[in-house]
Structure formats: C-alpha cells, structure tokens
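Chain nomenclature is as follows: A, B, C and D, assigned in order of appearance, with residue numbering initiated at 1 for each chain independently.
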Amino acid sequence: MELDLKQVRNTLFVRIAGEIDMMVAEKLRKTIDRRLETNKISNLVINLEKVTFIDSSGLGVIIGRYKKMAERHGKMFIVGARPSVSKILVFSGINKLVSMYNNEQDIINI
Amino acid sequence: MELDLKQVRNTLFVRIAGEIDMMVAEKLRKTIDRRLETNKISNLVINLEKVTFIDSSGLGVIIGRYKKMAERHGKMFIVGARPSVSKILVFSGINKLVSMYNNEQDIINI
Amino acid sequence: MNMKNYVRFEFPSLPENVSFARSCVGAFAAQLNCTLEEIEEIKLVVSEAVSNSIIHGYENRPHEKVVVMATILENQIMEIMIEDYGKGIADIEQAMEPSYSSDPARMGLGFSLMKSFMDEMDVCSEPGRGTSVKLKRCFQAKSRALA
Amino acid sequence: MNMKNYVRFEFPSLPENVSFARSCVGAFAAQLNCTLEEIEEIKLVVSEAVSNSIIHGYENRPHEKVVVMATILENQIMEIMIEDYGKGIADIEQAMEPSYSSDPARMGLGFSLMKSFMDEMDVCSEPGRGTSVKLKRCFQAKSRALA
C-alpha cells in the first residue's frame, strides 16, 4: 500500500494505492488519525482510485474514520472506488452513510 | 501461450506470446512441425517479442526446430527476445548457431 | 465427484502472508473457466479467513501454522479450506452473526462476506484446538462468455 | 540462522502446476529486497526442478505428489526445496553433467541452469524412492539500488 496525504484548507485528501488488508490497516488508521488530531480538518476525502483490493480489515479503517468525522460534525467522502472495491463498500452499508464520488473534481463541484 | 503463424512465400513467421514451458512445449513443437512438413519453407522466423518466460523445455523446442531447418539447408532467425528470455537462449548457446534480431523488420532489411 | 487439481499450502501466521495466500489461491482459481470478478471474490474470502486465523485464532502471534487447501472438482466447483490450530471458537453461531466481533475494533463482517460470496460455508472449531473453515463455490461454465 | 518466513506447498504432478508453482514462489520471493530479474531467475529454477519431478520422477503420470518448500532466512537468503517420490536418479553425477539427459528429446540443461542461477545446489535421490533438490540463493541487500 502507498499513501499520499494532502491538505487543502480544512480538507484532508487521503490517496491510497494498492491493497488494503490487515497487514496495512493499522498504518493507514494511524496515519490518518495523526493528521485528524493535529489539524483542524472538517472534510475527509478518501481517494480509492488506485486501490486494487480491500477486505473487512480495510473496511474497518474506513468506517472507523467515518465515525470519527461524524463525532466532530465533519464530513467524509469516498472517491473513485473501482467496481470490485465498491462492491465491498456497498456490502458493508457505508454507502448509506457516506457519499461516493467518481473523482475528486466531482466533490469540488458540489 | 498464444501462437500466431503466418507464411510469406517460403518464410514461416511463428509469433509466440506468453510463457513457454513443458505444459505448452509439445503443442508448439507439433504446430510448427506440421507447417514445416506440408509447406516448402526455407526460412523460419521465431518471434519471441511477447514471450515473458522460457525454460529448458521451451529451449528444447527452439533448438529442435533449428536442427530441423539445418537438415533441410534452411535458415532460422530469432526475433525480439527480451533480456530475461535472451539470457536463457544465450545460456543454451543457440545464439552461436542462430542469428538474433530485435524485430522482424531487421531481418527483411538484411 | 472427482478431484481435478489441488494445492495445499502451509505458512506461518505472518501478516504479509495474507496477501501471499490470496494471490496464490487467485492464481490457482484462474485454472477454472471463471471471470476476473469471480477470482477477486475468491481472493476476498481467502483474505478474510486467513486474517481471522492470524488475528483471532493466533491473537497475532507470528509463527503459528496456517494451512490453506484449494481443490478444483469436476464441473467447475472449487473448494477452499482454511485451517488454524489456535484458540478456536466457543460459540460458532454467535461468531457467524453479521456484525458480531469479539474484537471491538473490528467490523464482524468476515463470515458474512465469506457466506455471501461463496455457495457453501462450513465452520468447524473447538476451543483450544483450532478452527477450520470450508468454503465451496460453483462457477458457471459459461461465465466468461456472459461477463 | 533464523527462519523469517516460509511456505510449503504440495500439488499433483499436472503440467499446469509448473507455471502455478513458479508464480507462487516468485510472489513469495518478492518479500525479499531483490530485483525483478532475480525473481525471474527464481521462477526459472523452480520451473526446471518441478518439470523434472513431473517428467522424469513421475514419467508424466498426472496424480503424484510434488512438494515445494521455500524459506526466507535472515540476511536475504532464500532456500528452495523441490521434492518428489518418484523414480529417483541412479547416477546423480551423470545426471548433473551439462547436456546429459536420459530423454533424447530433451536438452539436459535443467541442472546446469539451476546450478548457474543459484549459489548452492544439493541433489538427494534414491532409485524408487524419489528425488529432492535443494537450492540456495543469497541476495545482496542493496541489489534494488544497484539494478
């Protein structure tokens, strides 16, 4: 898994590449949480365009981050999940809580 | 493994794609030999551009075809072997018997 | 039903072997006449079951033995067995309930995913002796053409 | 020397398993800090040894057992063992000679390739009981940077 974090004002973009499983879930969780704690972030954008695989360990990190953002009355967005990844997200029901977009531009346009 | 055979006058072009190992060696040998027997072929061009793997079972087919062509005073050419494949060909010594070219155009130009 | 091919593999309970195990079973499943989407689903269920063995069965101890056996039967049927010799499950019915997890940090979706992407699931477990999950999936012979 | 990781796998002597075996060991070797070229070499030697077990050890009978064990040791060392319970080799020295093959249709290059691409090769065999080939390769930790 590769990770790229970028902050634009109060929005944190987390761009993930590769496979998200138990091997990397902890690192992903910690990296995001560290940024959420030290910065004033009210929007969290999880970009999954380059994610080729996710399992329930990965889902756990995403749903956990959603809960964190909801607690602080922030918003979360999921971007660019390919069909095989999106299928797992839908299975978990996260799509009922978080809006899913095709690309980052679509969020900026809303 | 995928195979594409094309004859231009007395030259047979054999374009191979994929991996050449014991699983496919027999099919490769038979397909080429059938064409060599039924047609008047004096030049055999083995195009390895799309071959990603070869082991000694694959080498056996190539060296065997060289011997066949030599018996009938024909010529053989090897084309487009990538470094990992070329290394194995060189190991077998076939490069001392058969000329190796970068692409089919290079043969036509000689 | 006759066995056409199988692979049995054994490896230690290291986190890096989860991805290794699912790729290998995925590569093996490619011998079936099935779609890439179906192979992705096979990789997912292997990932879930192997993660469970490591996380729950062995509580993340890294040098315990995990065994995966994948079998291709006639008629496009694939069976996968994932086995550990760890902690075991006391209440299998509860464990299989959607959203149940003994670990508050986890989702409890592993068994639900396995059940939903496979045609049959059979869990055998004994506390202190280990767990074995048997999964079965029947692929449509024409799936590639339909996809 | 400590074992860092291993995988042991077992499969029937079917020709389609040669490519499966080399991909799996290749995927496993990717856990080492080594180059793509080195992984290709590992795949080659596995292909040679597994082909030998099927072709010579089992004379192409398709449902006999082949075992491959790959071990990663400390210091970037990889050991691979390929084992069959087939015909065995009566004269190991002769078998290892470059260009020697008991089968006139083959090249006799298998052992030469294994020897040349690995740092150590050790062949144990007993006629009627089977053959085990042990290969060892030490990778330079900095190979990725040098490549």
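One rule holds in what follows: a contact is a pair of C-beta atoms (placed from the backbone, for glycine too) under 8 Å apart; a residue touches a chain by one contact, two chains touch by 3 or more.
Treat the numbers as computed from the prediction; the structure is a model and nothing was measured.
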To get from chain A to chain D along touching chains, fewest steps? 2
Cα centroid separation, chain A vs chain B, in Å, comes to 50
Can you work out the whole-Å distance between the CA centroids of chain B and chain D? 26
Chain B and chain C: spacing of chain centres that average the CA atoms, whole Å: 43
Check each residue of chain D and list the ones that touch at least two other chains. 16
Among all residues of chain B, those touching at least two other chains are none
All chain pairs that touch each other: A-C, B-D, C-D
Where on chain D does chain C make contact in their complex? 5-12, 14, 16-17, 20, 23-24, 27-28, 31
In the complex formed with chain D, which residues of chain B make contact? 19, 21-23, 53, 55-57, 59-60, 63-64, 83-84, 88, 91-92
Given the complex with chain B, which residues does chain D contribute to the contact? 15-16, 18-19, 22, 37, 40, 43-44, 47-48, 51, 54-55, 105-107, 109-110, 112-113, 116
